[in-house]
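Two complexes follow with chain A in common, the first pairing it with chain B and the second with chain C.
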Partner chain A sequence: MDGADEITIELIKNGTESQDILTLGLMPGMERIGIKFRENKVFVPQVLMSAKAVSTAMIHLKPYFASGAAKQKGTFIIGTVLGDLHDIGKNLVAMMVEGNGYKVIDLGTDVSSDKFIAALKENPDATIGLSALLTTTMVNMESITKEIKTVLPGTLVTVGGAPINSEFCNKIGSDNYSPDPQGVVEFLNKKIA
Partner chain B sequence: MSELLQKLAECIEFGKINKAAPYPPQMKGWMVPMKSQSN
Partner chain C sequence: MFGLKLIEEALKLKEVSRAPWVPFVGVHGGKLIGLDATEFLQSSKHIIHGITKAIQLYKPDGIPVMFDLQVEAEILGCNLAWSKDNPPAVISHPLAQGVDIISLNLPSITDGRIPIILEVTRELRKNNPDIALYGCITGPFTLALHLLGTDIFTKMFEDPEYIAELMQFCSEFGVKFLEAGCDVIAVVDPMTSQIDPDSFEAFGSPYVKPIFDFVRLRKKYSSFFVCGHAQQNIEVMCDCMPDNISIDENIPLDYVKDIALAKRISFGGNLKLSSVLLLGNELDSRKEALFCLDLGGKKGFIIAPGCGLPMDTPIANLQAVTELIYDEYIQQTTREMEHTSSLEP
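For the complex of A and B:
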């Protein structure tokens, strides 16, 4: 039985629009797994398999994005904040957001505000995602959010991670807190797409 | 065409990366019946 790789190739050969492959094939599948993950019906390994299936299909679609034949919904810049080297949650969010039709710029871990601002200057319409696992590093979200909003005031910032909650999000002046990757996708869809 | 897109969405949902990837249990309905092992 064919998988995402073979089916994507077949769809392209059949003349299906790359935009349709993204919006009617990849995105609904990714949305469904995101909802199941939120509801604890599936776990990290299943999400990773789905993300891998998306990235396999995306290899065939990349030329169409480059040529402009297919458009992504927006740009999302993500990184784990300064002082924090944990990246599992950040990677899950990045994969889920990419699978839902966004261009993702992953700055990695231990990212300073300067790096976020530099990436933002190259992609002024992008939304920023900040991740932290530790209570000792979550405080850096505040300074990074403030610096981003000082330099580029209209920028949307979403935060997440084990020690984060809505109260902290409001306190640091961030625009959104999500306890799961699907929440980030829903925030982006609401604000950007 | 839409059937193929639907199949693609299911492959994403159940993590069926390519032909060589193992069948996720939820996709068993898609399986080609195996040949009988008995001779």
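For the complex of A and C:
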């Protein structure tokens, strides 16, 4: 049976609009997986396999993004905050957001506010995603959020990770907390798409 | 009744006078003696000192000798990033960098920090003959993830034979740690919380169950710790037949109780770590402990934190939990006390 890779190649060959492949083919699939993940109907292995399928298909669409024939909804810059080396949750969010039609810039783990701000200066309309797994590093989200909003006041910041909740998000002045990747997609769709 | 004897009664599902108390003191032991996690976890002298202090302060019935899930990974060539206030983190995955499974060796008692674990166990046993010592081994799935990285999740679909070979190695590696002389062997496998029950049965159960069978043959007790949201896997975890399962705060304790007792398995948990023990006050901690005691009951239940205690957990909060566990009068008064969490906005 053909997978996302083969089907994408076939559709491009048949003259299907690249935008349609993205918005009518790949994105609804990723959205369904995101909702099932939230509902505990699928788990990390299934999400990663789905994301891998979408990324493989995206390789064929990249030239159309570059030429403007297909458009991504916006840019999302993500990283695990300074002092924290955990990346599974951050990677899941990055893959899910990319699979839902956004350009994702993944700054990796242990990311300082300087790195976030440098990436933002190159992509001033981007939204920032901050991830933390540890109670000892979640506090760094506050200083990073504040520094980002001081330098580029209109920037939206979304936070997530095991010890985070909406009270903490409000306390540090972030714009959104999501307990799951699909929540980040929904926040982005509402605010910038 | 106290200590190992009380824990044995709970593990055998006998009615007890009070639920046994097992605080998962890991790097928090360093805090108790004024050391950071890096210094603490690399010295038998410091661990003995820190855990002894925890025993004096918290009067546990059982306690882990060392709570660090990176010991095995370090021996197998994973690079660690040490931290002042957390256990180290694995930052390289040898199998993802071209190392072959076949070149990995089972450990000897002189490898890595195994001599530290052995010395700590001997010394704690000598000084605390009545307390149950928990030996924590990294669960095979979590160790496999340390070795391979997150590719393990996709290789479960793409190359199941490879993952089976890796899991077999990781389960044999863990068994080597059983010689340390602890009373309860805890297989700590937090990463299984990220997989579904079918994947667990395919890539978890066949490799974890033999560890529990082996522990039983050696006339020791076993516990299966899974930190994280593992509600979907409680039933399949119980089917691996440990003597006890210990679960994290995000799984309802009564849900676990019903499944575990129906399968004749003891259960434990699940005091809230960051939102209560770390960030709350003494009354929050007492209320939380009482909530767990009332739900868990006096048959088969071991009260414990949901996972390893954060380093900076206030001593007063854990002492408040200790007092409540030991004193029925405090339980009664706490039950009747009006309470709004100190963390409510």
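Assume the second predicted complex is superposed on the first by the 193 of 193 C-alpha atoms of A that agree within 3 Å, B and C clash if a C-alpha of one lies under 4 Å from a C-alpha of the other, contacts with A are read in each partner's own complex, and residues count from 1 in each chain.
Methods note: a residue touches a chain if its C-beta (ideal position, glycine included) is under 8 Å from a C-beta of that chain, and two chains touch if they have at least 3 such contacts.
If you're wondering where the values come from, they're calculated on a predicted model, not measured in any experiment.
Enquirer: Who does A:Ala69 touch here: chain B (first), chain C (second), both, or neither?
Expert: neither
Enquirer: Answer with first, second, both or neither: which of chain B and chain C does A:Ala118 touch in the superposed model?
Expert: A:Ala118: touches no partner chain.
Enquirer: Quick check for you: in the superposed arrangement, does A:Thr16 touch first (chain B), second (chain C), both or neither?
Expert: In the superposition, A:Thr16 contacts chain B only.
Enquirer: Which partner does A:Leu134 reach: the first (chain B), the second (chain C), both, or neither?
Expert: second
Enquirer: Chain B or chain C: which reaches more residues on chain A?
Expert: Of the two chains, more chain A residues are contacted by B.
Enquirer: Thinking of the overlay built on chain A, is A:Ile59 touched by chain B (first), by chain C (second), by both, or by neither?
Expert: It touches nothing on chain B or chain C.
Enquirer: Looking at A:Met49 after the superposition, I want to know if it touches chain B, chain C, both of them or none. Which is it: first, second, both, neither?
Expert: both
Enquirer: Which residues would you name on chain A as touching chain B in one complex and chain C in the other?
Expert: Touching chain B in the first complex and chain C in the second, residues 46, 48-49, 52 of chain A appear in both lists.
Enquirer: Within the complex, which stretch of chain B touches chain A?
Expert: 1-2, 4-21, 23-24, 27, 30-32
Enquirer: Please name which positions on chain A make contact with chain C in the complex.
Expert: Result: residues 40, 42-46, 48-49, 52, 83, 85-88, 91, 134-136, 162-163, 165, 167, 170 of chain A touch chain C.
Enquirer: Report the residues of chain C in contact with chain A in the complex, numbered from low to high.
Expert: Touch residues, chain C against chain A: 81, 83, 85-86, 89, 91, 150, 153-154, 156-157, 194-196, 199, 228, 231-232, 273-275, 278, 310-312, 343, 345.
Enquirer: Using the touch definition from the top, list the residues of chain A that touch chain B in their complex.
Expert: Result: residues 1-8, 10-11, 14, 16, 20-21, 24-26, 28-30, 32-33, 46, 48-50, 52-54, 56-57, 99 of chain A touch chain B.
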